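In the two complexes below, chain A is the common chain; its partner is chain B in one and chain C in the other.
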Partner chain A sequence: MILVLKSVIGACLVAFIGIVFGLLYKGIDRKLHAHMQMRVGPPVTQPFKDVRKLFLKENLVPENAVDWVFNLMPVISLVSVISILLYVPMGVDPILSTKGDLILVLYLLMLPAVCMILGGFASSSPYATVGAQREMVMMISYEFPLAVTIIAIVWRLSKIYSASNIFTLQFIAAHPLWNNVGVFGVIGLAILLAVLLIVTPIELSKIPFDVPEAETEIAGGLLAEYSGKNLGMFYISDAVKTVVMASIVVALFFPYNISQYFSFPQYVDYVIDFAFFLFKAFVVIFVSVTVVRTSFARLKIDQIAHMLWVPVTITSIIGLLLLYLDTVF
Partner chain B sequence: MSKKTTYTLPIGPIHPALKEPVAFEFETDGERIINVDFHVGHVHRGIEWIGMHRNPVQILYIAERICGICNICHPIAFCRAVENAAGIEVPERADYIRVIMAELERIHSHILWAGVAAHEIGFDTVLHLSWAMREKVLDLIEYLTGNRITKAIMAVGGVRRDITENQYPTINNALNYYKENLDTIKSVFLDDKSIQMRAKNCGILTKEDALKLCAVGPTTRASGVKKDVRVDQAYCAYGDLNIDYMTPDLLTGEVNGDVYDRIVVRLLEVEQSIDLIEQCIDMLPAGDIMAEPKIPKLLAMLKKVEGDGIGRAEAPRGEVIHYVKLKAGDAPFTWKVRAPTYNNLLPWVPMLLGEEVADIPIVAASTDPCLSCTNRAIVIKGNKREVLDNEALHRMSVEKTRRLAL
Partner chain C sequence: MIGTLETGYGVWSALYWLLGLVVLFIIVYFIYSLGGKTVKASGDKGKPFLSGNEMEKEKIHVKASNIYWGFTEALKSYYTPLKGGHTGNINDYVSWFVVVLAIVLILAGGL
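After this line comes the complex of A and B, so read on.
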């Protein structure tokens, strides 16, 4: 009974937090992006206003679209990103935890992209078709370095601890790897962190890796035909996905909490840890989304694929090897 | 082997990549473009027809509005055509002021283009950086002419406002600002890795194609063709100035004819324009600024003129030609405008063939197209638009030449 209550209320709470902070981070990102470009920029609350307006707007379905796929995909996309949040420790323990939830998270992370691809193909727009093809190429390219990074960390942890729930984000967050490895390990982890920070904007399709949406090339690509509530749901799922990616980076690499340095009652500890988590997530988003999208031009899809397959993959494998060397010496 | 399926990707007439309407139709195989076709004529405004119902002084106002950005070179070309027809001698000082204005316009246009180009490749930071820099030249233009965009400074037989000596410090300030800040924008555009990745070896126009398709302006100079009206047929005061063709090899040592080279040429031309303005201010001769300051008198004289004249000017986008045939009476017999983009349309085809879909915006923007200025005609029969082929066009031009009795 308590478990059911916990998962229902917790899920609602997590969804609420994910959406609110996702949109808030989007607003902060836009504001900082604008300031870095010598602009005033929209108010921080702009994404909330955008969403409100999108949900008031008419939902247009193109004539040739497969309408049930077209309308279903935004919902699945939003549901999948919110369900990842249930597995991610946000300063406090996650609501759900199974034996291999990291693998589950990897697959759930793919779902929004898959939804956008299907929705794009279903919309029958040539721009969306080009966008969907590009998104597929991107997915094929970034999955490998992402997987290598996560597997490397878990594998290194499994050499230290022999717990059965080693593949959970909760376990990884509770046992920071930085304290338990030697020099090689630290270098390897730093390399893997860099890889993950590169993969983050790609996973989130942000400039310079926003080719599936590329406004000036294919007029919004995948989302070209989406409007109203459907677009609003994609908008929200993008915002939540940003929080998810940031919390995965935080959970894998910076799971430290600061509450133990104070002596407050436990519920205050929760608040402090959560606030500190939000701060860490903000730093990750700032570094790998805001700064990156301010300082680069959009790349072409073949350049991105090449970059991911050759330099980034090789870098991630070097990181893995360094972690291995760390166990040898 | 099964035949590869291709699909058609329409871009335009309205599309975020295009600042003005043009309808592209691409046949693509995946991301690769294997065939290009495009249609223009969505923004025909009947400017020449309007002009043929007004007197030359009034046309000047229309000529200035052919293009929002080239609102100096069109009036220059028109004024020179009328002056040519009427045999008006422009005072030397006015010629120098015309050059100063034309070069300010070039600085403005090229910096504006740099921002647009950056936006096309998704580099909005550079867009905002270059458009912030553009403000300074707009301020200077406003200071000198009273208007920021449409300058209204040209007049048949001279210019309408003088540049006085107490204005020099402000001009020098603005020019120094550009001298100091141009290096920033140069390093942003020429050394940035991600811009290089997008611009190098992209949208190549070979020298042969540039010559064959009569490309003009920075588009052709980036392909290594030494063509510039300011040098070839030095009009206004350009003959007195130290000016040379700006080709990319001056900076990079090689000519590739790609988008990168077009960026190089435009940045070099901004530098050149600053230099030309300084030369003009140094050499600015004393004297009148109008051949005939009394407009009614000028108009009365123009009414009596019979004959035709041609005016050419180097716009920021290339050569602009105005042809005017005056007859006795108010309105001219004919007025023909050829904007530079007209020549720079066909080079799009060799530039875009074989490129990727992602290259379309930057390649299309790299010629700095100005389509509203280009649209001179549209053929509508019933409710259907008609496309005229080469033969029909040739036949019609022969007929028109006969009608004009040239």
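After this line comes the complex of A and C, so read on.
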């Protein structure tokens, strides 16, 4: 019963945290991106204003669109992406820590992309169809290195600890690997971290990997026909997904907290750890999204697929082998 | 009975996920309902954006065969030799089957 209550209240809480901090991070990202290009940039609250404006606009549905899919996908996309936050630690234990593991999170990560693909196909636009096709190619390309990275970490943990919940993010975050591996292990982990930092902007379709949208090329691609509140929902969904990806990187590689260095009451500890988590998530977003999208130009879809299947996959397997060697020597 | 699946390594309960999903759907749908009204556009407004080009509906379809273009183009050094093996001759396919089976049996026996 307590867990049922936790999942109901927790769902409200993660929805609030995901949306508010997602949009805030989006604003900070845009501000920093502008400063790096010697521009003033919009205020950090601009994404909130964007959403408000989109919600005031009419929600146009193209004549030949499949209405119910076209209108439902933005809602399902946001619902599914927020649901991931129920399983991800954000400075404190995840709300449903004992009811879902990292494999579930891997599958849930696919849902928002599938919603965008279905919405794109349903909009009857050739630009959206091309965008949806590109999103599918990206999905089948980044899943493998992402899975290798995650499985490598969990496999190495399973060699150190024997627990029945080793695949849960709660367990992984409570047992940082950096402290328990030798030289090979540290190098392997650093390589896997680099792979995950490359996969993060791809998962988020950010420049240089924004080929499914590519405004200058296919006029917004997947989202070409979306307007009003439907576009607003995809916009929020993208913001929340940024928080989700950053949270996963933090949980896997930087799960450390700082509350133990102070002697405050427990509720203050929660606040401190949550604030520290927000800081770590910001650093991850800054490195893997803001800096990368400021520094590089858009790649072509075949370049992205090649990069993911050859160098990135090989790199992730090297990381995995180094973690294996760490158990031998 | 539907309970929590425990594999010895990980856990997964569909019911709690569904419960969370229902609550989130209500919250998100409430936010969605705050937006402007939905209008089924018709006429010029309802046509898909095509950078000003006027084309018939039948001619603007993107073929499904294009779906994996980026993928096959990126890995063409892998796909081109494989295509060469697809001769359409059943004798060739059976030969491939026998060769691969032999390799698998050798590996399985050796290991």
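Assume the second predicted complex is superposed on the first by the 325 of 329 C-alpha atoms of A that agree within 3 Å, B and C clash if a C-alpha of one lies under 4 Å from a C-alpha of the other, contacts with A are read in each partner's own complex, and residues count from 1 in each chain.
In this section, contacts are C-beta pairs under 8 Å (C-beta built on N, C-alpha and C of every residue); 3 or more make two chains touch, one makes a residue touch a chain.
On a predicted model such as this, the values are computed, not experimentally measured, just so you know.
Peer 1: With both complexes overlaid on chain A, does A:A11 touch chain B (first), chain C (second), both or neither?
Peer 2: A:A11 contacts chain C only, not chain B.
Peer 1: Would you mind checking which one, chain B or chain C, touches more residues on chain A?
Peer 2: Between chain B and chain C, the winner on chain A residue contacts is C.
Peer 1: Counting only touches as set out at the top, which of chain B and chain C does A:T294 meet: first, second, both, neither?
Peer 2: first
Peer 1: According to the stated criteria, A:Q37 is in contact with first (chain B), second (chain C), both, or neither; which is it?
Peer 2: First partner only, chain B.
Peer 1: State whether A:D210 touches chain B only (first), chain C only (second), both chains, or neither.
Peer 2: After superposing on A, A:D210 lies in contact with chain B but is clear of chain C.
Peer 1: Between chain B (first) and chain C (second), which, if any, makes contact with A:V61: first, second, both or neither?
Peer 2: second
Peer 1: Is A:P126 touching anything from chain B or chain C once the two structures are fitted on A? First, second, both or neither.
Peer 2: both
Peer 1: Quick one: classify A:H175 as touching chain B (first), chain C (second), both or neither.
Peer 2: A:H175 sits against neither chain B nor chain C.
Peer 1: Let me test your reading of the model: by the given contact rule, A:D302 touches which partner, first (chain B), second (chain C), both or neither?
Peer 2: After superposing on A, A:D302 lies in contact with both chain B and chain C.
Peer 1: After overlaying the two complexes on chain A, where does the chain B footprint on chain A coincide with the chain C footprint?
Peer 2: On chain A, the residues that contact chain B in one structure and chain C in the other are 126-127, 129-130, 133-134, 211, 219, 300-303.
Peer 1: Can you list the chain C residues touching chain A in their complex?
Peer 2: Per the stated touch rule, the residues are 4, 6-13, 16-17, 19-21, 23-25, 27-29, 31-32, 34-43, 45-51, 57, 60-62, 66-71, 73-75.
Peer 1: Which residues of chain A touch chain C in the complex?
Peer 2: 3-4, 7-8, 10-12, 15, 54-64, 67, 71, 74-75, 78-80, 82-83, 86, 96, 98-104, 123-130, 133-134, 136-137, 140-141, 154, 158, 164-168, 211, 219, 224-225, 228-229, 232-233, 236, 300-306, 309
Peer 1: Could you list, by residue number, the parts of chain A that touch chain B in their complex?
Peer 2: Residues in contact with chain B: 36-39, 126-127, 129-130, 133-134, 207-208, 210-211, 214-219, 294-303.
Peer 1: Okay, in this complex, where on chain B does chain A touch?
Peer 2: Answer in residue numbers: 7-10, 15-17, 28, 30-31, 118-126, 128-129, 132, 192, 194-195, 197-198, 356-361.
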